[in-house]
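Next come two complexes, and both contain subunit A; in the first it sits with subunit B, in the second with subunit C.
This part shows the complex of A and B:
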């Protein structure tokens, strides 16, 4: 028990928290963009799985993590393309198609993994960390936050890029309008379908990247159903963040700490079922909602397909 | 939200003068269901070919083991029991415009409480009363579990998709905690609840292995369908679903109705868990989560929240999952292929409905 709060343990815990938070962050940021544009993207779990599998395969055969991230993002985009086609272009029910895609990708990635690797689970070498000079020398915080793979810093930078996009650019406003009042956007001469398609495809890329990070850096291998609900957590984060990217980051870190705590408790040999700790982040958020529950500011046209001229 | 097309269609269909039209309508529905399924089977077959499995052999096994063999059809009908309860619960929620995506958590908590109470209760009271009480307990626990999302939605306007999703994550973990800590059977090494003796479970139908839970499930979903389409309570819920603001203006107590919808929907999910445990499984092992809810949600949508159509889709789901499990063991295709098949069926069905809708619109115009 004395080792529980040692410096090494604490920084390992926080390091694990960041590693666990990054896939959630990417999924949450992606989902946020879809939701802003009025598309409830329940297929994000499937996009993450596609990204995890293709990302792993890419990295495994090429030996390059970056190529793996690229194939992972491409996998997510491929699934998002189906979603965009079915739900944005021809307006099928987003919940039906989203769940169908999630189920299908769960099955498909497990199937492909089975036929490609049989029952072996090959591992990737550990990812090289980009050590940030000076900052990484701070005790506890340094090794926890400043010795990660480069993509982690990029993901955090993306939070601010997204904030800029939503606040300061035309595209950001278009996305917002596509979710709040698509008819107005249409009247302004901007293609709603195209705006929403852009949002869904970006979601796919980010979710795929998140999945690839989860498999290649977080776990170092692919196992079927590896995302284990991370996509749904992304949906929760996006909805809780009320359109602000920075809150996705905070939320992802909160969930990351709890996930990392689960592993840490097991290592420390503390005799609590891991399920108890897994409940903590949800419990925290539910309590927050009960205490401060105000009307969530979801886009007005969320989940409703846009059809020009329809009432 | 296009929720109210189905009830009006079935109401006009009851008109005695249009018997022929009704028959044509049913034939059309059947064609629009079987056609897409055939197309989906062909697409999924191409995937099987790509991984080097003979699709005809695979489908042969699925049909034989899921539909045509005596044991297979009995397993299929048994699998339908919990799915019917879940579907009934979802019909209530979706028709009232509430996205109860927390079915799996409510299902598991119902299952665990039923599994914990039934073996204890059968020792102190007659078996039928014990089973009835365990059903009741499972239902009430699931209802309580839905109370937080219900109250938040009713009085604070907090989106129920987030809250029910979170409650389902919480519920799955909590069910595990209960199995591992509170209700663990001390006489076994694997963490699981006490096993309900086979003779105390729900009786089987006649000389088969089909659980009588199937009849309960069928009765439940039909009652739910009739309540939603033929009673004033059902109409009120549909008004809330179609336009909550109009519902407020027409004097309906929307918050109260919201809580009622969540309670009914969750209670039915809890009963689904109980019927699976008391009728089939007998106990709950730790980390057991069949995740039925996720597959039933799209099926209910495709059935347009119509109870009778939902029975058909639930039957289809059961054939695919039971047949797929056997075929997986025989042909070495992982069980997960069933998920791919279900997913393709759902997507093609949704597409077919769209094409059909478009065709009708263009003919009208």
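This part shows the complex of A and C:
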């Protein structure tokens, strides 16, 4: 038991928490943008899976993680394109299409993986860490937070970029108007469909990137159903964050700690059944929803397809 | 923006419509309409609900395209393809329903619509707004959230938005419907200042008085057709009353007369149909309670409940209908106590309640017209048998009611929320006055209806009483009560403060009671 509170253990735990949090963060930020613009994007799990598979394939054959991230984001965008076409342009039900996309991509990525790699699970080499000088020398915190792949720092920087986008730019105003009162945006001369399409495609790119990170950096390999609900956790984060990116970051870190704890506790050999430990993150979701569910304030037009002139 | 004189004679049209026709499934919303809109002029479009005013605005603001005919902008035929295009042409619209994002500030709402790659130009906007508000005498809180503004303030923001965008033509769609009388006067003065600055205004309303008071030119629409126009020269030559009677002539084809009085005999010797004694309801956080409510209604009698809105009228109606728990008193229908009965049982016995919340509690908006006729009989024969809907039976009876009550609907299957307010009211009337009605409570039955539907509803209520039913008419419109009731009771703070016979001096007596003096 002494190992449980050692410095090494703690920093490994926190390191794992960050690694687990990044896909959630990217999914949450992506989902937040869709929701802000009035699209409930339940297909995000499918977008992450597409990103994980294509990201892995891209990195595996090219040998470049960055190319993997790129193909992963492209995979997410491809799925988002379907969502944008069906739900935003044609105006079909967002929940039905979202579930269909998620289920479809679960099957499709598993199938493709089977064809491609049969039963083998090839691994990628460990990702290079970008070590931040000085900061990484701090005990516990240094190794936990400042020895990650560059994309991790970029993802955190994205939180602040998003805040700026929402609060200080014309596009941010347009996105919020598209979610709260699309008719007002339309009569102000901005195309609601286009605004929402931009949001959904961005969601796809971020979710795809998150999926690629999960496979390429988090796990180092692709296995079917690898996302294991990360997209849905992203939806929860976005709903609880009240449109503020910084809260997505906090929420993602909290879930990350839970996810990391499950691994750490198994490693530490604590005498609790594995199944119970693996429930932890989802227990955390439930506790969060009970505690903060009430504060979720969603855009007025969330989930309602926009049709010009409809009453 | 030019600030030239207000004279409009000889000016060219900014926008003109030539033979514009627009069809929707089942109806012709606009039928070959010609219209000329000139700078320096308030052009009033007057018409009842469903006359086609909103469709016309939809086409001018780029939301809809005409099926036939053409729109000329500055004399050149030009289809207005989108709201953005309309704005670029200088056509700004203030819609009937507020088109502001409630979660954004006033400034952010005004900035909405700029190119997405730009930073919002807040400083530039503030300067521009200051310049416009100074010339119009408005005050606007730029940094307040829109949700915190009153409806009148929101409307000023919408007008301001049109001005910020250099509109040459401002369209105001039913802009007075949500304003207080003071707000309406202010809007009228603002419109005058705007046209003096050389703007053209299209002002849509169904209120004759506003048309006469604010307009320079009036076009009257009726069932999608333009039935007449009063040009400015004629407008100036006539007095307000003459204009109103001319408009009524155009709209109804005959002088407005009170509907023919129905021979209605209140049998004073008959036993009261409804007896209410000492009815009481506990107050809640947002509604007054009721206390010491006592009255009788005889067969064939109309008892009015007058009072300033919010003094317990809705509570009274709901308590009688069984929708609100009472804390004391008795309600007798034909002598039998019903205060312990449920809503359904009271209805069964013949007590009917026509709510003022037509879409909220009166109908299910997404259900077809046909089902809404029988909402209160769901599960009951002959429309349902063994729990199964008898569609043929329902449609047959519904078709009958649509004819009897003159419900204007594209079909029986149309969701009731798509109908105009007047037609929804007809559906409710048909439902509540159906077989077995003995006592009918009308809560604000003509609220928000246009003139034709108001007159039709009043006639329906008179007919109801003439059939020997007892009628309780709750209204905030004193004229309505004076024109219809046999007796008028006044409610104040949840209590009846007096009841007067509707004789010649009733107006004064009721008025005194309403403001808290003895009759």
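The working rule: the second predicted complex is superposed on the first by the 289 of 311 C-alpha atoms of A that agree within 3 Å, B and C clash if a C-alpha of one lies under 4 Å from a C-alpha of the other, contacts with A are read in each partner's own complex, and residues count from 1 in each chain.
Here is the rule we go by: contacts are C-beta pairs under 8 Å (C-beta built on N, C-alpha and C of every residue); 3 or more make two chains touch, one makes a residue touch a chain.
Because the structure is a prediction, the values reported are computed rather than measured.
Q: Kindly classify A:10 by the partners it touches after superposition: subunit B alone (first), subunit C alone (second), both, or neither?
A: Neither subunit B nor subunit C is touched by A:10.
Q: With both complexes overlaid on chain A, does A:156 touch subunit B (first), subunit C (second), both or neither?
A: neither
Q: Look at A:140 in the shared chain and tell me whether it touches subunit B only, subunit C only, both, or neither; answer first, second, both or neither.
A: Neither partner.
Q: Given the touch rule stated above, what does A:219 touch, subunit B (first), subunit C (second), both, or neither?
A: In the superposed model, A:219 contacts neither subunit B nor subunit C.
Q: Which partner, subunit B or subunit C, touches the larger number of subunit A residues?
A: Partner with more touched residues of subunit A: B.
Q: Between subunit B and subunit C, whom does A:129 touch in the aligned arrangement: first, second, both, or neither?
A: Neither subunit B nor subunit C is touched by A:129.
Q: Contacts for A:181 in the overlay, against subunit B (first) and subunit C (second): which applies, first, second, both or neither?
A: Once the two structures are laid over each other on A, A:181 reaches subunit C alone.
Q: Touching A:81 in the superposition: subunit B (first), subunit C (second), both, neither?
A: neither
Q: Quick check for you: in the superposed arrangement, does A:168 touch first (subunit B), second (subunit C), both or neither?
A: In the superposition, A:168 touches subunit C alone.
Q: For subunit A, which residues belong to both interfaces, subunit B and subunit C?
A: Looking at subunit A, the two contact sets are disjoint.
Q: Which stretch or stretches of subunit A touch subunit B in the complex?
A: Against subunit B, subunit A makes touches at 40, 86, 90-93, 95-97, 99-108, 110-112, 114-115, 224, 229, 232-233, 235-236, 239-240, 273, 275-276, 278-279, 282-283, 285-286, 289-290, 293-296, 298, 304.
Q: For the complex, which residues does subunit C have touching subunit A?
A: Contacts found on subunit C: 58, 61, 63-64, 82-84, 87-88, 93, 95, 99-104, 108-109, 111-120, 161, 417-418.
Q: Enumerate the contact residues on subunit A facing subunit C in the complex.
A: Residues of subunit A touching subunit C: 168-171, 173-174, 176-177, 180-181, 183-191, 299-300, 308-309, 311.
Q: Taking the touch rule as given, give the residues of subunit B at its contact with subunit A in the complex, in rising order.
A: So the residues of subunit B in touch with subunit A come to 1, 47, 51-52, 99, 148, 152, 156-159, 161-163, 165-167, 169-170, 173-174, 176-177, 180-181, 294-295, 297-298, 301-302, 333-334, 336-344, 346-347, 350-351, 354.
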